[in-house]
Every structure is written in C-alpha cells, then in structure tokens.
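Just below is one structure, and these are the notes that go with it.
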C-alpha cells in the first residue's frame, strides 16, 4: 500500500495559522523523509482534528490527552500514540490551573459558590476533562452542573477565550493550562497564561490562582493506524529526533521550549480514557 | 343624506377610527412589549455593566498601531528587540531600534521625556515627567522599588510584578524579566520583515536602484520576500481569500447545475407524476432545512477540513434553495411562447430549449449571481467552522487576540472581497441578462 | 383535401366546439367569425393538434390527422403552421432565430440545442423576412419590434415551415388598423402566390368579407353559417353574433376609414403628469 | 412597404444576410468561449479545492453517511430520553429564535429608514442619497461573523453580539431590497399629501408605507427565515443559543450523540417550520399584486 | 389679493413658464387653458410651492409666497389646496382618512401616525363628504371608488384644509363627461358658497367658458390671453391652441352630448384572448 500525500492536523484554538507557519519546517522534513507531498490542516476546534483522524483524512496529529481518549473511544483502532513531548525539566506533564480576577474577591473554589465558572473546549484535557473530575473532589457538594454549586457553568470555546472572559469579568473563574514551572506573575514558564501575558493581554497582578490540578500527562503524537508500517516508522523516527536535528523547529512544533519527544504507548492514557468514559460516556 | 343617516355615518366613522387607533397602538405596543422582554431575557442591564470599554479602546487603537518590545531576561541578562514581541519580528543580532542607545546602560527613549534605563545587575530606572525617578531592583522572584504607597491607577504594583501604562508606552517588570513596549502608528513590517534586505528601502530604490541582494534581481527578490513575509503572511492570506471565493463559486454553480434539472421534476407544469414532484420538493425542503451549518459538520467527517468540504456544504444547501426558486420560476413561465414553438412541430427538448429556457434564464441567472455574492459571506463563516479560507484566519486572530492590526487587515480584506464579489455579480448580471439568449 | 367531420371538444360540462363539420377541396382562404367564446380558437387548436379532439375526425389528403401520435403528430404540425393573436414569439431571441424555429421539426434535437442551423436555412429566413418587408429587423430581438412587425415575424416563422395550411387565430386582434391591413394583405398574398390554404379566425365582419373566399360563422360551438362573403348579409351576421336590432357592423370594424383610433387621441389630450425629479 | 428609416436607402438582402451570418458566428464564438471558460473554471476550481482539502472527494464520498449514522444510531438507541433532551434544549432554541426576531425587527426598522432616505423621489435630503446607499452597501457587505466576534470581545459572549451583528447586516440587506420596492412606489399620493402641507415623515408614513407595506413585510419575513439560520451558525462560533449547544454536544462525541441528535432535530424542525409559515404568509401578502 | 409677478420656471434649457404675470384682487373662479405642454401644471405647482420658481414672485395678501421655507411653506400649502388630474389620493386608505389628510399641517406626525384625529375633525370630514354627495362611501378604501367619486374625495380633502385658494390641475381630464360635470359643478358651488378662489387648469374650452369668471390662455409658457369667457372667441382660441384652420372646438370638448367615449367601445370590440389554463 502506497500513500500519495501526508496530512498533519493541528489542534485548533491556538492561532492555528501561526502554528501552520511553525510547522513549515516539519513539512519540509516530512516531504523529504516520505517522498510525498505533505500538508498541514488546522480545523477550527479539537473536534475537527478528531473527526479528521477518524474519517481517515488526517494522518498525524499532536493531540491532547482527552482528545486522544475521545478518538480512542470512538474507534480504538483509528490511531496509535507514538511519542510524547518532554518538558525542559524532563517531565511529560502539565497542570490545569483555576484562576479568577483578584478584584472579584475570589481566592479559592470556596468563594466560587453561586458564581459563573468557565471551561474551555469540551475536548480539552486541562480545559475540561481533568478539572471536571478533580474539582468536585475539592470538597463535598461541588458538582459541575450549572446551577448546583456554581451559578452557571459555561464553555468558552478554548483556553484563550477563557482567559479573556475571566479578565473581562464575563465569567468569575475559569480553568486553563500551564506547565506549573516558573512564577505566577509571569504566567508560569509556558502555557496559555504565559502567552496571554506575553501578548500584553492580561496583567498577572490582576489575577489569582484559585485551584491547581494534579499533573496531567502531555497528549501524544498519534499516527493513523492504517498507515503503512514504513511510513509510521519513518515518522516516529523523524519526530523523535526533531529536537536533535533542529531545535528551532522543535520549539515551533511543540509550542515552546522542550527537550524533544520520547516514546509513549496507550497504557499512559488508560486512566484518562477511563476518566473520559466515566465523565462523558462512549 | 338625511340628518339621521349622517349621524349614523358619523358614528360608523368614529368606530372605524377607534379600530384603527387600536391597531395603530396595538402593533407598536406588542413590539415594545417584546423588546422589553428581550431587554431582560438578554440581560442588557447586566451587559451594560460588563461591557469592557477598555477592550474597545485597545481594539481601536491597536488596529492601527504596533508595538516594539525591548525585553531583558533577568537570568541571562540577554536583551531582545522584537516587533510585537514575536520571534519572526525579532531584530537580527547587532541591530536595534534607533530609540535605544548605550551598551552598559541601555537607555530606551519612549518619547515625551519618558525614559527607561536597564542598568546592570537587573536594576531598572524609569523616568516619567511629574513623578520622581522610579528605581526597581529584581532579585529572584522579588521586586524592590521606591514606588510610593498610593499609586495612580495606571500603575499596578506588587512585590512580584509592576506594570506601568502611559500614553508613550508600557513597562512591565517581574523577577524573571523586564519588558518595555513602545507604541508606533502604522502596520510595521507589512511589506518586508526585518531579515529581508529590502526592509527600509524606498520603492524607488527597489524599482530603479542598484541590486540590493547580489543573489537576486531587486523586483523578483522584493516580490518573493513580500509574498513570503512571515509576519503578515501575504501568501496565506491570498490563498485563504482564494479558497473562500472558490468555496462560494463551486458551491453556487454546482448547486445551480444540479438544481436546474431537478426543478423541472418539481414544477407542476413539467412533471406530470405527482409523487415524483412531491418527492423532489420534500428533498429540496430537507436539504435546505438541515442548513449549511449541519451539512458542514456532517461533511467534515467524510472529507476532512478544507475548502472542498465548505463548497459541498454550500452546494447541498443551495441545491434546495435553487430548486425551490427555479421550480417557482418554471411554474410562472409564459405558456404563449411554448405554444408558439410547439405549433411548429418541435420535439419536447426543443420546446424546453426555445419555449422555456429563454424565459427563465434571466431569472435564474439573476438569482445565481445574487447567491454568488451572498455565499461569499457564508463561505467566510463556513470556513471558520470547517477550517479553511479567510474566515478561519479571522476567527483565529480574534480569538487569540494578539494582533488587532491583523484583525483589522483581515476585516478590510473580507469587506473588500464581499464588495468585489457584489460588483462582479452585478457586472455579470448586466452583461449576461442584457444579452440575448 | 381537408375534411373536418363532427369535430367536438368538451371542457368538462362545457362543449366548446360542437360537431363541427367542414369540407375544403382546394386551397382556399377561409375566415371564421363568431363572437368571443364561440369556439373559433378551440377549433383551430384542434386542427393544429395543440389540443386533442373529444370526438370526430380531421382528415387531410386521406390521412387521419386526429389519430396521429408522437413524431407523426409533430410532422403534421410542421405542415400546418399556426399564427396567434399574441404572436407567441420568443421575445428575447432575435427575429431570425424566431423564424428558424419553423425548421425545428426537420432538424435534430442536438444541433438545435446549440442554436446551430444550416446557413441555407438562415438565408432562406432572411429572404422570407424580406418578402414580408421586415428584413432590416433581422438581427433585433423580437420584443424590440412593434406589434405588426412581430406578427409578420410569426408569419415568417409559419412560412419557414413551408406548410400546406396556415391557421391564424385572430391574427390582427392585437394590432392597430394600419398594421392589421399589412398583416391581412400578407396572408392574402401568401394564399394567392404560394397557393397555401389559409384559415383565419377573425373578429370583424368586414375583414372576413374583404379578404376571404369563404366565411364560416360559429356560435356557441356550432357552425351556423358557411358560404361566400356575398351571402353574409347583415341579418345573417346578426344571427351569428346573436345581437339584437341595435347591432351595428361598424362596432366590429377595424378598417382604417371607419375607425378613429381612440388610443391616439386620448394620449395627446391626457398627458402623463410630470413629476419633478 | 419598407420599415427602413427615412433617408437611408433600404439595405440589400445580401448585406443583411452576410451581416447577420457574421453576427451569428460572433455569437457562437462568444457563447463557446463563455462555456469553455466556465467549464475550465469549474474543473480547475474543483481540482484545487479537492487538492487543498484534507480528504479527497472520491475517497470521502462513500463516508458521507458515517457521521449521521453514528449520531442517529445512538439517538435511536436512547430514543426514550429524546423528548426530555429536546425539552432541555428548548430554552437555547428560544434564544436562537429571539436573536433572529429582534435582529429582524431592529434591522427592518434600520432598513426602512435607510431605504426611505436612499430612494430617489422620496429622500428627505436628495443630495445625501449616495451616502445612505453606500452605508447600506457596507452594512450588507460585512459578514455577521466579523461584527459578532468583535462585539464578543468587547461585550462578552451571549446573544447580544450576535443580535447586533445580524441586525446590522439585516439593515443593509433590507435597505437595498426596500428601496427597490420604494422606487416603484406611486408618487401621486405623496404629492397629494405634500400639497396639503404635510411634513416629510407624514408623507412617508401616510403616503408611502401603506403602498409598500405588504412587500416590506414579505421581505422582512424572508429575512427572518435567513436570520434564524444565521443566528444558529453564529452560536456555533461563540454567540450562544442552539448553535453553541450543538457545537458542544458534537464535541463530546459518542455518549452524548443523543444530545446532538436532539439538537439536530430541534434545529431542523425550527428551520422547516418557520420556512413554511413564512412562505405561506409571503404568498398571501404579495398575491393579488401586480408583478 | 394674489399677485403673480414675472413668474418663470426653467427645466434645463426649456422654459416651462415664461414671466407669467397675473393679478387677482378678489376671490374669482379662474380657468387656465392651453394645449399640452403650455406650462399650466407648472404654474399651478409653483403657486402651491410643490416646485420652486426659477424667477419672479408670488404674493398673497402682502406675504411673499415664493420666499417661504420649511414650516412656513407648509403652512402656505395648507391654505392653498391642490386637486390633481389623477386625484393623488392614498388608494389603500379609507375615504375619511384621505379627507382628514387635509388637516395634516395642523397635526403632529406622531398623532397622525396613531390616527389620533379629533372627533370634531372626523365629523367635519363626513359633513364635507355629505356636501359632495359621497358620505356613503366614507368607510370604503379610496381605490374602490369610481374616478368621479375619487375626485370628489380629493375636493373634500381640499375643503378640509379650509383653504383660501383651491388649485385644480385638470380636475376632470381623467373623468367621463357625467362625472366631469359633477366635479366642475362642485368646484363652482364651493367658489360661490364659500367665497374661495378657484384656479383650474382645463383642457377644454367649453368647460372654461361655462364655469369660469375669468379665463387665462397660455401658450409655450407665456400668458397669451387674459379676459372674460365672452372675450374668448374661436379666433382667440385658435391662437392659444396654435391650431390651423382645421381646428374644431369639438375636438377639445368633454361635454356629454358631443363625446362618444372611445375607451368603452374599444374594449368590447377587442376581447381578451382566452388561454387554456
């Protein structure tokens, strides 16, 4: 079986066009390695990539853990995880961070009772899945149903939208992702908050952290299972060595400082899959 | 008329006017009530409170200006200069903006007597007219400064972070880094990024001057650098607009081609079989009712993201719409012409060709061209869902809220694109309908 | 050559044409008169096979026309041209194309779909137009022509069919007297020079008298008169039109001499109000 | 007799024949070229779109049914819950319909004013006609999504940004359609009112509106139909209502496909319902009027 | 009381009214005659201020009408009612409302929008309609009335304005002779009983002669005759109409005796064709 082109999907929501630009170097490497034309697609949301992988119109993507779980639950044989990004400190995890405006007087989840709480994308691990499971464990009586503990629970659509909505006061508190390294006032070393700070969008003096999740495993780089074995092998090797070959490219592709990728298997995500299954069904 | 009759007529007129008044007050009354209900249902009072005027101002001012970041990494001491703080806008090594000077002490003149100095050992001095010299020392995560207790609201300070916003620029300090943003009007790097040899060259020099880059001719070089501009991504933008128009064009024309024969099946005049007619009509109603939004979602699974999916979504919905419009037009054709052609012994297809088509073509063309323009707008939105075209670029740029000048640029392009398509469709309409057969 | 035998047409309860019998043995110019609703149009439409007869037969040179189906029926239509009161041209197409529609029955569907006609046909069409005095209008759209010119285009289309019979359903009812005269004259000339049979529905007595060799009167679907113009006295006309003693022949006239065209005078003495721009 | 204009000698028949033949050839050439260009545009357009799409047209064709099948199967399995789910999303539906209704109302009023000010013969300030026409052109040209997204940034999410965005577009679109109707309005009553010393607004309300009202209402109903769709689609990109719920339900994937199914049904039913109702009313309004 | 002084109106190159000077010192019934395009309508429209004069002045009781702007102009219009050839009513509104439009100048837009006319006005309107003999039509839509009735509604609207002057621009040109007579009679009665000035454009000599105290003749925008009906001889009329010796007064007549309404006859002799459905 031959392939005529190789299609990479980029998770939406984070200025996909920029990301497509950042992926240009990867496109060149891939074309060279596989000898076929390589294209990058950036659907408008996470679900777009998931549908692409399921429908066989995308060959590779870097998913979030929950998005991987969603794909797996819809078709266990659609994709296989191959690699995971390694952070600067060697870890392969990050955190979901709950935050609010300082002047709202909210300092912890206790103050959020009756207030408006915002998730990001329903397929996001840190923006929905993990907090929706862990926040109710914070104390008895918290549920994620609108109108029970929180006055209202909304989906803003993505990490950026959550940050802006909290900053604007549209919602009283929300969750987003951060690596949990570095300082709060910088918006941590990497993550959505850091990007917002860098963009001059928010002033961390005006925000407070109200909650932080356990460590969440980074999402896997997945390949479509139906791909020929040699293609899978070549791509795995290419991604594995990207940091060594071209650190700048690796920065762009993995959206920040990193130490490249390491192999990963489905076992790493079993708990997430179970969590998603319990939470959403499937 | 007798007096009694007249009185009666007067009474009738009074009643008439009472009824008319009731109507005149009733309709606006119902509308007002409805709007009042909406006022609360949409929570307008709350909205007025939440509305963020600052955002509007940021939006407005940022859309015609850009900022240059001067960043000191407090751990390494490295200083970077970057337009919009982006990697691709970073000044190459050894270059920096003209308003920065000094080696040991980096002096940043923001203009209007506002000066920031990066001193060695992570110290920073800020001079702002009307305030005493501000002195900040960064150590680990902590900041020590000589700022007084009560601060104007344009300065926000804590022991970990200080942020100063003035009309001349913005300064933020944290333990890890110190950053100055200097604002300038205009869209910087619109033509060439800093790494292009053509950056800062005048048009005259590029067109007529000596070869700037020895490896390439000036004009092809400049065009290629502009086309590949990483900041403004003209290539992607042009492709995106092309994709959007393509979606509209393919969708509209494809729908028209499919709908025309089906419309004959749905028109009472041309389709004697009632069942077939009803089935075709229900089909039209169904594909129209499902709506482009849902079609986009359904098709995205089968065809993946991209312009084809969007085009097909438009095609399917408009097949329904066109089918309905076309079959109505077919039912209204003038029988005389058909009869005239039939009376010569013309075959059925010839009857359609000469008796029907010349009559309906103007109506159909006008509709198709009208939809071409309106579908350009739909394609912008559908692109934002299915992942293609200028619509996606716009939504992404707005949602990440980084560069409002990019947003402004896309908006201008979209409006220009729609108006262009409006003009094209009007022009074609004039050309084709003004022409015979 | 043409036999119409007990031809009947019913629309529901209504009998539009009631057992009409006509026999014509040589090419003649026949006028059918009768008031509105008498069944004149229906009769002509059955002869052209635009509508089917309920009962009775039409026979032409031994062939039973009423029995024809499909291609044979269309072939008959091509030999039996029809001219309508409202011209029934394709207004958006040019004059020559309209005339060329007269050849549709002879040409293959495919070539006509793309408007491809042989050059000889095109030249012939223009010659016919010239014969009718409107060759200069050839490239114009039909809708750009005056009523009289349009009717002549319709006649040209009919001639293009090279028919044995020309049926004309009130060909001059939409025309002013000047144009009416030109059109009737053309039909007469065609009849005389080409020897074609012409059957024309006419709503005015004097036109029928002046141009026709034979006049048929219809009333309520039945043929109530069939004879020469000379036999058509005012008394007979009164019967045909079912009019009382107040019937005046002038009321049905379209002759120029007797008609003071009201529209024209009304127009000059009743100008459209002029609105400021 | 000859129809040739006086003074110019009648053309010979040969000249007419050859000039007509030349015209026929030219027309065939242009017709052929137009057709060729159209075919080329369609074919190459399709190829480009196919090429720039992740999945190919021919590969994907047999998969069209996959997604709806998954959704419908699950919805069917859980059909017992369906009525409850539909009920659950009725408030979102009401919001979507409200957005469409309010924006049609407000946009209609805007369009009314724009059309009266931008129609020759009616305008209060005839010199400003081009200005008002430009305004309605621009309002019409801006896609709703542009305004909606910017307003979401300033006002926060919810129905109001969508409502304003759709209202602006509606005002522009109706402004154009309304003024086409108003252009054909009979000016005689207006002049009659002017002669009694009526003000401009009296002339418009009493002289023009009664004439154009049926057509205006008919166009407004058509717009309402379009706006329901627009409001659903804007919800999908962040402006509340049924579109927002649909996007989430779809994102959940299997397990919640019954919700997606319920929303599909609701949306489809609503669109078809208003479509039928409005087309019936529109026919009634415009029937009996000359074309 | 009314002075028109060298009043001129130009449309581009064309001078529609050329230095017209008229002086009226007491309420009179004036007829203006002249052929189509003579400038009659333009003159009246300037007096009502529906269009602006290019040059010259109109003065009424010492006030310069041509100088009025805005509300003052509208107030003048309310004192100077106008009746049009095509009636210019609001066809979809009922008769009483149309009559009440005569009070618009006195009422605010808002109150008229909500139909808040005082009851006294409504009753007054009915009384006026009664005086004109059409009170029964009060609740009907204006478009449902015959031409003559519509014109009387227009007169009622004019009376509702309680004007000093009534201008009538060919008030009977669209009417049949019977209705024309009723309408002219009404205008005459109003003039005589209420003492209002009436200026009517008329396109027929005999009407002007019969109903007016003074006749003004216009030709090519200029006033070429101004005198009593008695002074208006056939020779003078020929000058006004610029007609040759073939000029016959009857050609301009609308009197019942001489006019055989052409439209009616034309309609019966040219039936609409019946098309099969």
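For the reader, a short list of remarks on this structure follows.
Going in written order, the chains are labelled A, B, C, D and E, and every chain counts its residues from 1.
In this text, contacts are C-beta pairs under 8 Å (C-beta built on N, C-alpha and C of every residue); 3 or more make two chains touch, one makes a residue touch a chain.
From a predicted model like this one, the values you see are computed outputs, not experimental measurements.
Common neighbours of subunit A and subunit B, by the contact definition above: D.
Of all chains present, the one whose mean CA position sits nearest the global mean of protein CA atoms is D.
A rotation of 175° superposes the C-alpha trace of subunit C on that of subunit E, rounded to the nearest 5. Using the average of C-alpha coordinates as each chain's centre, A ends up farthest from subunit C. Averaged Cα coordinates give subunit D a centre that lies 45 Å from the centre of subunit E. Averaged Cα coordinates give subunit A a centre that lies 81 Å from the centre of subunit E.
Centre-to-centre separation between subunit C and subunit E, using Cα means, comes to 47 Å. Once the centre of each chain is set as its mean CA position, subunit A and subunit D turn out to be 38 Å apart.
Counting partner chains per residue, subunit A has residues 7, 9, 41, 44, 51-52, 55, 57-58, 157, 161, 164, 168-170 touching two or more of them. In subunit C, the positions touching at least two other chains are 86, 115, 273. Counting partner chains per residue, subunit D shows two or more touched chains at residues 52-55, 60, 63, 66-67, 153, 156, 188, 191, 237, 250. For subunit B in complex with subunit A, the touching residues are 50, 52, 55, 67, 85, 141, 156-158, 160-161, 163, 170, 172, 174-177, 181, 230, 233, 236, 300-306, 384-387, 392-393, 395-397, 399-402. The touching residues of subunit D, counted against subunit B in their complex, run 38, 41-42, 45-46, 48-50, 52-57, 60-61, 63-64, 66-68, 95, 98, 101-102, 105, 137-138, 140-146, 149-150, 153-156, 158-160, 163, 229, 232-234, 236-237, 243, 246, 250, 264, 267-268, 271-272, 275. By the touch rule above, subunit E contacts subunit B in their complex via residues 94, 96-97, 113-117, 119, 122-123, 125-127, 130, 135-136, 138-139, 275-276. Against subunit A, in their complex, subunit D makes its touches with residues 52-55, 59-60, 63, 66-67, 153, 156-157, 237-238, 244, 247-248, 250-256. Taken in their complex, subunit B has these residues touching subunit C: 336-337, 339-347, 349-350, 353-355, 358-359, 361-362, 436-437.
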